[in-house]
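Same chain, two partners: subunit A is paired with subunit B first, then with subunit C.
Let's look at the complex of A and B:
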């Protein structure tokens, strides 16, 4: 095996991304605990219990919403079914924390629901009859309506690839539609659905904004609090351990299901284009209602609540330096997605040309950054830099590097890099898998160097994958909250941080304007790229 | 090309952090519009630029401590004395807020040499005049919140809330830990619902008939009455009345927004100047009229909304040192958790 540029770059990139994971684990042996054992036991049970309840409820809800709507739009024609096909992914534009603000604004005592009832029916004590969606229920709804789209997109893609043949088979056996769905379509799509659900699960466990807003204690906020408020690294690590157990289980599940998914996707022999069933009458109405309800609850509801507030309290619109926020957001988005794409490419190519086990394991580990909550990554990054500075840099007699990394764009982008590296790496990898290795061999035979093969052959092939990765990463960064909150420089705000800060100060009305802009920009990104997300045609 | 741009980026970051500027770096956990208006005024008057990093107190504190002696932070401004006290306990602050201007302006129990109060708030009881009689409230104290007569009638925030931690810390300071532990159990038994929502949500719960009494800070009612939260909440606020507890003994529990001087502050002199500026009558008036807090200094009157609806003549607890909120914080959390206070 030869050590070359590609090998070293891939190695270094992967190693860099693993640093925070190593930091979390290495501080396992620290013992700074000064907290009471009784409290810890009480909290530990509460954190685990809340995380479990949250996880299970969100998974059930996203499964029903995601697969249900994907099934309807993939197998049937009904009014607006083509509109819903892409409208249902717009929920991605509304991060869970903004959904949480909307829920509270609408349902709280004397909230928007109260105003509507008062305007419709006159004075009355409506507060008693308006349901309250706060606490754990509020978090479950906020996360589910924002993230079900993962399940929807993957389930729909899988449904599309299913051949008419097996559905006909069901018909010939005399299955009802429900039975066909339950015993043929669903099992065939299982790997894709499990992959979607495990993404939902990871995001749920990592969720910070909405959980913090409703002050529910989960493992993630527990780690944050014991680390940050009580300086109790030992307890924080104990919690991290439980959280990582959860995450690794999901990670393995996701990887397994992805492997299985390939078999299903590739059964092209005897593939017969599916016929969509035309629905009419009551059935068409029911299908329409279901999709409309999902679309309304996940997107229109938060959007209109934020718009209503922006109009009701217009002074907030003029208080914000919207152009600054926009430039800051775009600056982060462009810088980070460029870095991620460039290094994701190098690393993928490095792996392709060097079939090396160490490198392979390192790459697999390095993509677990996505599974680690942003809050924890950010704090681990600070801890690592502080340690490195105090014990290495200063001993060598250099000037402190803390300011270069903590509270700077550089540090912020680096941690984004760690967090979203797996999106870039896997996105590019799936593109690479479609380029047959014989293409590389032919290129070498023609006398192309590795670099030339990479630049002139691979990159043009990968153009669509790169665009898709860029958009995914951009969407994530626009919505990203905890890392930006902890690591951003002085006088630097984004739409997400502005919304969060207003909300945490009980100024939800003021959070509406930045939230609205965030939704609009993300919606724009989604609409522009919906055709890549919803690839209808087989490649 | 890529390498060059990364190197330039690194150098520009280093250069900007080393450049000497007439500035003061504020780690700010108070995010009122009124505050940023005051900072601009300060810059206009003195030429000192105020750099802000806004965030939640926990994350800001962690960052200041991790950065240690190299921290760029000069001042840490936050909305609870318990937090300033906790930062002091972690050794992250330094003395120096000792100028005559500061000492003359702020009463002794509301400052240390490392942090000073810049605006006051009281944590009080709100009640529904329809459902709570004057006799029931007569002589009411914080201690009285545990009285079984309030069973199923009380709302208060979660135990993780810093205002509650400081209130309970002050009770521990005055009554001891054992008595406060018993008190917390009584309070939990009286709760009308599992704690949820912010201070304003507690007041609205009383207005909406979910509970008869609520514990919340003073400025929230004024904020609702001001109409800044919309007409509905303005109406709701009129359905509740404020009551100041412990008038016959030590006085009502007071808290402050505080400014703390960070250890290793690169612009210490400017930081002291900013604190002095925040304590001038002009700034204090700006606070009272916009955030509806009580002024820290004598000679400035609270907002008319506060004066007319909450009253001005109440006895403040000037005896319990605010520094004890930070010291008793861990015990307060322990007491509340043990009582099953969510």
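Let's look at the complex of A and C:
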């Protein structure tokens, strides 16, 4: 095999992304402080139990909300069904921790709910009758309403590509609508729904902001605490290792349960466009109500709560250096997105032109970064830099590099890169899959070199995919909390960190302004990309 | 220095570790010659073209174009370093460019060093693709895409043009016309061309030589006339579906004897000793119908093929023999009727195995 620029580039990029995974696994053999013993005797079981309960509850809730709403908008026409089709993905703009702030702000003693009741019915002891959504229930609701969109998007895409033929087949067999749903439509969409639930599972196990806000001890907060409070990196890594095993076990279980079943048609042949069923009367009202309720609870509720507080406490708007926060956020977003797109492209092309097994395995491993919680990545990155600095740099007599990578923009961007690399890589890959390999070959035969083929043929073709990937990555970075919190330079804040810091100091009103801006920017990005996210044949 | 314009010497053509065609040798003598490679689907014809184009590596043998080695065990010029163009069977147009842009990308190669022998307009007119110039590849039919791809390859004016089933998606009604036009362009541009096809008539019309690839080998490489009338092996006979083999005994310098048909005269293409037992190739046009003949065989089947009928006759030994009869022939024979064969039987080229 000829070693070329593309091979080496892809190899180096993939290797760099794998470093934290290797660090986490190798840490399993390191010595830890007494904290491990303390934790084992006290809270470890609670961490594991809470993580499990949280995971199961969120999966059940997101399955019902995501699949239910996707089914309604894919198979039926009812008032505003076209609006809900894209409005239901706006929940992505509200990260779980901001949802948690809204939930608390609304239902707490003398909160927004109290004010509404007071204005409607006059003074009264309403605090006793207003339910409290805090603790584990609060976390479950916050995460579920923020993340159900993963299930919604993938289930909807799968429903959309179900041929009218299989639905007609159900009718021909005499199935009722309900039976057709659970015995034909739902099983056929299973891989998509499971893929959505897997994303939800990963994000749930990785969730830090909401869990920390409601003071629920999970494995993720355990990792954070063992590092922050006990300065025990090795143990933080060991906990991460267990969390990773947890995530991998989920993947394996799902794969085993599928066995050899096939869920899709390989070709477009035989595909018949679906005809949506027109709902009217009570059924239309019920379908509308369900979708509206989901849209209201997931997006309108936190948005209006944050707007209400921003208006009620305008001084917070002026106390914050909004422009600085905006510039900082955009700076990180642009820098990271550009890096991710450029290197994601190079790595994809390297794999495409080299067709090499080693490279292929390395790339597959490198995209597992998304499964690793941000907290773990940040800790693993610090561990690696510390080890590299102590064992290599100092031994060679060079000046310490810790400051260059830890608590710096460079370090922050690099860890974003590792965390969101799979998003960029897979996004570009799905664009690449639409370019037949004979297009490359035609280009070579027209006299174009590999570089020219890349620049003149591939990049113009992938333009839209790159834009989509860029915005998707930006959206993730805007919402990202733990990595930014751990690795940001001193006095460098973003909307997410400002909101978190205010909330953790019990200044929820002050958290409203950065949260509102975060939601608005994210909403803008979602609206821009919605046509890509919701690609379908009908539009 | 080799005297042939293009040479393939003892090459094993393979994809990955799987050898598709072994130990192939053939040559194109003059620049501008067109040859065709024929063979059933999946036999490795496309692999041969891809290897010549540099898209597949070569492990044994050498490929030489105009005195320059393109591929050998030690040398492998990258596809972009050979001035060889390959028009793929399937649509390989750039999906994000219009057809016009796709074709003009072809003209950018060699634009400095070559005089233009043909303009974009001429190619577009010849291939009748003016109406799709502003369209994108997904907006046109498979046949149109194939013609556009052909136009892109032609306008490059490569040293060697490789066409993989160039007209397989073109409508039957339009195919012959395009074949005529293609032959005209290739003649005009003097582009050395290798065409791969499974359509023997297309190969016989377009190629000055034809190669037959069967069972991992290049079985025959010869003039179309010889391939058709003088096949060199039973496999080639079977592939071209040319008649049947019947047992016969050589009885003289120009005669042989068959149990069912009696004496057959003609010119042997190979010498056989008197008394030798051979398999005689009997092609449908070798026997003539004659109602007055006393050699009568039973009609088993009759196929109407437009210009002619193909009668299948049963001989006394139960051998089934095909015979062409012009469709204007006044007397049509039904199944089970007797069918007369003209005697003496004379075959111009007697092919035996």
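Throughout what follows, the second predicted complex is superposed on the first by the 505 of 539 C-alpha atoms of A that agree within 3 Å, B and C clash if a C-alpha of one lies under 4 Å from a C-alpha of the other, contacts with A are read in each partner's own complex, and residues count from 1 in each chain.
The working rule: a contact is a pair of C-beta atoms (placed from the backbone, for glycine too) under 8 Å apart; a residue touches a chain by one contact, two chains touch by 3 or more.
Since the structure is predicted, the reported quantities are computational estimates derived from the model, not experimental observations.
By the touch criterion stated above, A:442 is placed in contact with subunit C alone, subunit B being left untouched. Of the two partner chains, neither subunit B nor subunit C is touched by A:47. Contacts of A:420 after superposition on the shared chain: neither subunit B nor subunit C is touched. By the touch criterion defined above, A:468 lies against neither subunit B nor subunit C after alignment on the C-alpha atoms of chain A.
In the superposed model, B is the one of subunit B and subunit C that contacts more residues of subunit A. In the superposed model, A:489 lies in contact with subunit B only, and not with subunit C.
In the superposition on chain A, A:295 makes contact with neither subunit B nor subunit C. Touched by subunit B in one complex and by subunit C in the other is not one residue of subunit A.
Remark: subunit B residues 2, 9-10, 13-14, 17, 25, 30-33, 51-56, 58-59, 61-63, 65-68, 70, 72, 90, 158, 160-161, 194, 196-201, 204-205, 207-210, 220, 228-230, 232-233, 235-236, 330, 333-334, 337-338 touch subunit A in the complex. Note for the complex: subunit A touches subunit C at residues 434-436, 438-439, 441-449, 457, 460-461.
For subunit C in complex with subunit A, the touching residues are 50, 53-55, 78-80, 83-86, 88, 90-96, 105-106, 108-110, 149, 152, 156.
Across the interface of their complex, subunit B is touched by residues 35-36, 38-39, 42-43, 108-111, 114-115, 118, 125, 127-128, 132, 134-135, 214-215, 217, 224-225, 227-229, 231, 312-313, 319, 342, 379, 382-383, 385-386, 389-390, 400, 402-404, 406-410, 485-486, 488-491, 493, 497, 501-502, 504-507, 509-510 of subunit A.
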